[in-house]
Every structure is written in C-alpha cells, then in structure tokens.
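A, B, C, D, E and F label the chains in the order they appear, each numbered from 1.
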Amino acid sequence: MNTAGLTHLNEKGEAHIVDIGDKAVTRRRAIARARLSGEAATIATILGGGLRKGDALAVARVAGIMAAKKTSELIPLCHPIPLTKVSVDIEGDGDASIVIVAAAETTGQTGVEMEALVAASTAALTLYDMAKAIDRAMVISDLCLVEKSGGKSGDFQRAS
Amino acid sequence: MNTAGLTHLNEKGEAHIVDIGDKAVTRRRAIARARLSGEAATIATILGGGLRKGDALAVARVAGIMAAKKTSELIPLCHPIPLTKVSVDIEGDGDASIVIVAAAETTGQTGVEMEALVAASTAALTLYDMAKAIDRAMVISDLCLVEKSGGKSGDFQRAS
Amino acid sequence: MNTAGLTHLNEKGEAHIVDIGDKAVTRRRAIARARLSGEAATIATILGGGLRKGDALAVARVAGIMAAKKTSELIPLCHPIPLTKVSVDIEGDGDASIVIVAAAETTGQTGVEMEALVAASTAALTLYDMAKAIDRAMVISDLCLVEKSGGKSGDFQRAS
Amino acid sequence: MNTAGLTHLNEKGEAHIVDIGDKAVTRRRAIARARLSGEAATIATILGGGLRKGDALAVARVAGIMAAKKTSELIPLCHPIPLTKVSVDIEGDGDASIVIVAAAETTGQTGVEMEALVAASTAALTLYDMAKAIDRAMVISDLCLVEKSGGKSGDFQRAS
Amino acid sequence: MNTAGLTHLNEKGEAHIVDIGDKAVTRRRAIARARLSGEAATIATILGGGLRKGDALAVARVAGIMAAKKTSELIPLCHPIPLTKVSVDIEGDGDASIVIVAAAETTGQTGVEMEALVAASTAALTLYDMAKAIDRAMVISDLCLVEKSGGKSGDFQRAS
Amino acid sequence: MNTAGLTHLNEKGEAHIVDIGDKAVTRRRAIARARLSGEAATIATILGGGLRKGDALAVARVAGIMAAKKTSELIPLCHPIPLTKVSVDIEGDGDASIVIVAAAETTGQTGVEMEALVAASTAALTLYDMAKAIDRAMVISDLCLVEKSGGKSGDFQRAS
C-alpha cells in the first residue's frame, strides 16, 4: 500500500501515535487562521461596534483558547502538548467577513500546528453558533496554517 | 448596544445559555460539510486507492464522530444534546480536494447544526494532521451547514 | 454505621449514584452564589469600569457556564443532566467584593443545585486566576445555594 | 483601559494564555483550603465517626484530586501542567464545620495555585452534594491560597 | 464485504453511530463484572481487612462510577446516555482474586451494557494501579456482561 | 492499618497522588495486552477477512490510542503524562479469540503501565461494542502488563 508520507500510519496502514521520544526539545510556534463570511448585517452585528461591546468576541476567543488545550483529545493521533502560550485575534476584514488568527507555542518535542488550527476553527464555529439564528448560511473558509517555526522539519511561511 | 439577533447574548451583551425549557421535543437533523484542498499527490495519498486501504479515512471518520459528541464542551453556549445518530462521509472531489459530509440527529429541544459542523471540521483537521508532513499548505474551506430540519425556526436548505 | 441522610452512600457506607429512574420528569431550577473579596484596588481593576471594558468578566462568565456543563464529571455521584439554561451574573458589591450569581435549569429527574454551585465557584476562581498576580490573598466565601424549585424534595429559599 | 495587573488580558483587554516559554523550570508548590459549614448534626454525619467509616471522605478526596488534574479545562487561561503530587486532607473543625486542605506540586514553568484551589473547592462541593438532602443551607467559605513557593514571583504565606 | 451483524458499520464497512431515533424509550439495566487475580498477599492488602479500612476500595468504586459516565467519550460509537443509576460492588473471591460487579441503568433509547462494562474494567484497573508496586503480574479476566434487560433485543442472562 | 505496599494511600489509608518530583526523568515504555473471546463466527466477522476491510479494527485501534491519552482522567491517582508514542495491534489468535497488544512510551518521571493497560482494555471493549448485537456473551480476559522498562523500580517481563 502506498501510504508513504502519511507518517501517522505504519507500513501496514494502521494508525498509531508516532514516536517522538528521540526528537529534540525546542521552542515551537505556529500561527493559523480562519475566515467567517456572511451577510454584511450579520458581520456588523457580531463585531458590534468594537471589542468593547458585548461578550461575542470574548466568548469566541475563550472558546478558541480552551479548544487549543483539547487538541489531543480531538485529533486522534496528536501528542498531548503542554502549551506555553495561546492567543486568538479576531478582526473584521471588509464588510462581509471576519478573520480569526490563532497563535500557539510550546517547548517540546513536536509542533503545535494542530493546536493553532483547532483554536482558529473553534473560534470561528463559536461566532457562527452565536449568529446562526440570523444567518444560517455563513461559511468558514481559508482555515490553514500561516506559519510555523521550530523543529527539524523546518520553518513554514504561507506565501500570501 | 445593538446585539439584536445574537440570541446567545442578553440585553446587556452578556453571554448565557439560552432557555430552551419551553421548546418542543422534536426530531431534529442537520447536515454539514467541509472541503480539504491540497496538492493532487497529497489528496491521492490520503484517499489511498479507496476506503479499503489503510486507516486514514477511518481515523478521520471516528474523529468527526467523537468530536460531535464533544460539541457542548467546545462551543461555550451550546446545550448538551443526546445525539441519536452521527455519520461522517469522506469522498474525493476532483483530484485536488476531499469533501467531508457529516450528519447528526437528536430528539430534543434544540438543533444539531453545531454537532454536524464540529464533526465535519474535526474530520477535515484530522486528515490534515495525518498528511501535513507532506503538504503543510493544505486549506480547509466551504465549512458550512447544508441543511437542517426540525424545530420552530424552520428548515434550511443551502442553495448549492 | 450512621450514614442516615447521606443518600449517596448505601447501607454499608459505599458510594453509588442513586437510582432516579422512578422520579418524575419536572422543570427544575437552582440559583447559587459566591463572593470574591480582595483589596479595593484589585476589585476595581477586575470590574474595570463596567462590563464594556476588557474580557475579564466575559471570561469568568464563560468559565462558569462551561463548568456547569461539566458538573457530572467533577462531582463523582452527580447524574449527567441535559441543562436547558445556564447564566452567570457578576456584579460589584461594595468596593471590596464581587458577587457571582449562577442560575441553572433542566427538565429532568433530578435537581440542578450542583450545576449552579459549580458555575458560581468556577466563575469566582477564574476571576481569582486573572487577578492573582496583583492580589494573591483574595478569598472566596458565601458559596451557597440561594434557591431551588422543582422535584419532590420541595422548594428551598435561603433566608438572606 | 486600565487593566494593568490583569496579566491574562493584553493591552486591548483581550484574554490570552500568557507566554511562559521563557520562565525557568522550577519546583513549585501550593496549598489551598476551603471550609464547609452546616448544622452540627450534618457535620457529624459527614465525618461519620472517623475516616474508617463509609466512603464519604474518600469520595471527596478523590473528587478533589481528579479535579486538580482538570484545572486547565476549567479555568480558561490556565496552562496545562503535569502535576507531580496532589493531596487533599479533610478534618472537622469545631462541631459545625469541616476544613479541606489541598496541596499540589509540579516541576514546571508556572505555579499550581489554581490546581490547589480547584481541588479544595471541588472536595468541598462533593461533601455538599452528598449531604445536601439533609442540609441544603450549608455554606462554603474561606476558599483561599494558604501558601505557595517556587517561581519568580516569590513565596506567599497567608498571615493566619 | 461481510460485515453482517456489525451494526456499527454501514454496508461499505464505514463506522457510524447508528440511528436510534425511532427506538422506544424504556427502562434499561445492565450488570457487568470483572475479576482481578494476583498473589494472595496482594489481594489481602487491597481488601485490607474489610471495607472500613483505607480508601482503596472507595477509590476504585468512584473510578468505576465516574468512568461509566465517560463511556461515550471512550467507546467511539456509543451514544451519550443520561444514566439514572450506577453502582460498583467489590468483594474478595477466594484468597487470590477480587470480583467487581457494576450495575447501570437508564431510561432511554439504547442499552447500558457498555457503561456497566466500562465501570467494571476501570474499577479493576484502578485496583491494579494502587497495588502494582507490590505485584505487577496481576491479571484482569472474566470481564463480561452478566445480564441486561429492557429494549427490543430482549433480555440476556449469562449462564454462570 | 496494614496498607504497606499500597503506595497510593498514606499512613492513614487516605488516597493521594504520590510525589514523583524527585524521580529521574527517563525513557519509559510499557506493553500490555488483552484477549477478546467469542464464537468463532463472531471473531471471523470482526476480523472481516483482514485489516483492509471495513473500519472495525481501525475504530478499535483509535479508541485504544485516544483512551491512553485519557488515562489520568480515568484512573484517579495516575499522574498526567505527556505520551511520546502509543500503538495498538490487533490480531486473531486461533478461531475464537482476538489479541490486542498496546504499547506506550514517555520521557518522564513515572511509568506508563496504566496507559498501555487502558489502551488495551478500551480497544477490546470497543470491539465488543461493535459485535455485541451478534454475540453478547463475549469475554475479555488476560488483561495484563507484558513488559515495562525504565524507572527505578526496574524492568518487568511477563514469564509467558
């Protein structure tokens, strides 16, 4: 079977948590983002005139941060990681979308890309949950890794 | 403050879990989807020649199903819901993307849109996790509600 | 052994989750509170000029709400309960303390006192966590049930 | 906005998990306590003639210990910490109250005050849960940090 | 593919949580057991002269009870179930083994066999954990369903 | 009281999480196994003609792996451990039983025997869950530690 590259499967195609016991302990960082798009009126209601009004953005930030800490419970083959930092930033982008940027860090033997991605997607889904009564058709897109550093596989920087 | 429509915030803008104690107990269903796009070689490796080879798709299906059951732990203002059915389907779509479709059902007082969305996004992120060593630039998009039924707010059917 | 009254222990003194299978399904409500006391400057910083500034109170509200949903994971002999409503209110009381009031509801076979108490204590501890760098000596007190209704054991209303 | 001192909020007042990646790895300890007060008859029933009779105190000890391990799931901005020791002691204090003392330790980059506080409060709430059928008016008070050591912020020792 | 009978897989062999939305809500009970065997001295130390001495059996009982409530988090295709009763009994059986019997009940649309089995196995593993320093070779066996009732599939009663 | 050897209880017989703060950080490994026995037809259906057909074995593998990461939530006095590797192998053994072998590793201050045992038992229970509709009488036996290495207590190797 050609599963070359799928490091989480062994030569028989069976899932396992890969051995990182021999990897170096280094500082590792990752940044991920997600975009929530909807009707302009919905986006304006969520943003609500700025960060100072209402709990909506705070709830989404907290949801993203708490989800990052649950990553190894959600993604079956992720190693449990003692995160040393997590942040989630939420900003409007044009009048019809909101961009969420999540950053995670650890000092450990494996990277934190999944933690950043889980934080970004959960924050976006939380905003959807709070606004779905007025706009069920909202879409989350552009959920991706923006950059990572640390570890043997080298740094990654998304082109745009 | 104009938070009209954000049902999860009270008139002072404070977050709460809204009272559903008076809502009818009905059968409720929701279907959500997500798309994972990447290099054609990556997508082919994940799909691996079909559902019969290797655990990759099974791991993602299980991850989505288990995440659906964790929805109220992840999305702060979601009610805990006794799901009566969850399924996750994964298929290639063209040579550069994979579409995940998640369905959830309950018999209860509130809908299961968030459960379906959490299942779809977690399955997509799990595929990303397993393949990220070969293609860190993959993107998840088109994460959205496809349809819902049951409950007072009426049915929803995405146009396309 | 005299464990009369400790309904969660059997006649041999052994812990169990008591059988509620024959109890009536009724609407049940509970309200609990907690008080966080500290230096006036600390309290003022937490309250921050009102609910519109900063995430501190929103974070505590969300923490209390999410903890309520985890009650049966925390309190060993609590039944899992599908909460239909949770809210957490936080207000200053004098210049040296903050009062947290948590309300929970369900339609089920057992009460939600523990859910309300867990919400109130977790919200208070979350405020402590955010302010402990400036005032480690803060104290949480007055953590108690304020009122409950529904169920065969009758209503409860705290005197003061 | 004046959120000076609230280290868990950034300069815009937004919640985040603060970066501890540059802090020293040291042995850190914390002790917290809580007091449960009620009718003398209730307290006597809970204490039940000593540790050898019935599971009540054991259940509360286990609940406190297990809750300590869940601290970062409950307190949104807490770092996940690999605890190296947890203990919960429960003793009568006079005839109308019970004192719970919880101790936690780690070797890491941040303190364990919250772990000790969560253990103490959860043990107290668990005792309340088991005895609430006979005394719903019990109150938890004096929930506070008793001492901490380790880390750059210095040691703390409560006056009384 | 012949997966006839594996109700948790669809006709393509893919895992899903089966639809129970049309099943009747009935009272359902299940009893499971497990046996922990070891050196006579180990078993005597665990049993410790009876239920009145030490927390060992209480810790195992609590562990089993709390694990029963986590069943749908552990067993991927289990439905979340609102348990109405859980108990765990632990007794010596001869001088070289301990038998754990766990009972679970719900009023719902699916059975509680897995809840009883998870309670029994977790209680047994918890006893192993506490005694492993003196007898690492202990074995858990005879983990099985003893009886179940309620639901359309009929009652089950183990022969011996 | 004679609780000598039960390291998880103190001299008064009270449960605690033992202090490992002074233990050396070393590479620790453990292997555990479990056996699921049933009717030959059931076993054949589960094995389904090999690992390449259907999700049954993949679901059980994933369940075991995810449960290993939850060990400190399930076993009350276990320390939380950052696992560096987990794998679960499942194979038929004769025509009436299936053997599950789980391996876990960490670099830390305490061993991973419980993580391996929890993985093996959960994988076995997951297979039972998927096949119970056709053979409710299946039994799990031979759940035990096969070998461990690392740490001051020395290596362990089961005789057979």
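Side notes on the structure shown:
Going forward, a contact is a pair of C-beta atoms (placed from the backbone, for glycine too) under 8 Å apart; a residue touches a chain by one contact, two chains touch by 3 or more.
In UniProt terms the chains read A, B, C, D, E, F = Cyclic pyranopterin monophosphate synthase.
Predicted model only: the values in this text are computed from it and were never measured.
Most remote chain with respect to chain F, judged by CA-atom centres, is C. Taking each chain's centre as the average of its CA atoms, chain C and chain E sit 31 Å apart. For the pair chain C and chain F, the distance between C-alpha centroids works out to 36 Å.
Along chain A, residues 13-15, 52-53, 55, 58-59, 61-63, 66, 70, 73, 76-77, 82 each make contact with two or more other chains.
Contact between chains, per the stated criterion, is found for A-B, A-C, A-D, A-F, B-C, B-E, B-F, C-D, C-E, D-E, D-F, E-F. The part of chain C that touches chain A in the complex is made up of residues 52-53, 55, 58-59, 61-63, 66. Contact residues on chain B toward chain E in their complex (touch as defined above): 27, 51-52, 57-58, 61-62, 65-66, 69-70, 82-89, 105-107. Per the touch definition, chain F reaches chain D in the complex via residues 10, 12-21, 72-73, 76-77, 79-82, 108-109.
For chain C in complex with chain D, the touching residues are 1-9, 13-15, 42, 45-46, 48-49, 53-56, 58-59, 62-63, 66-67, 70, 73-78, 113-114, 117-118, 121-122, 124-126, 128-134, 136-145, 148, 153, 156, 158.
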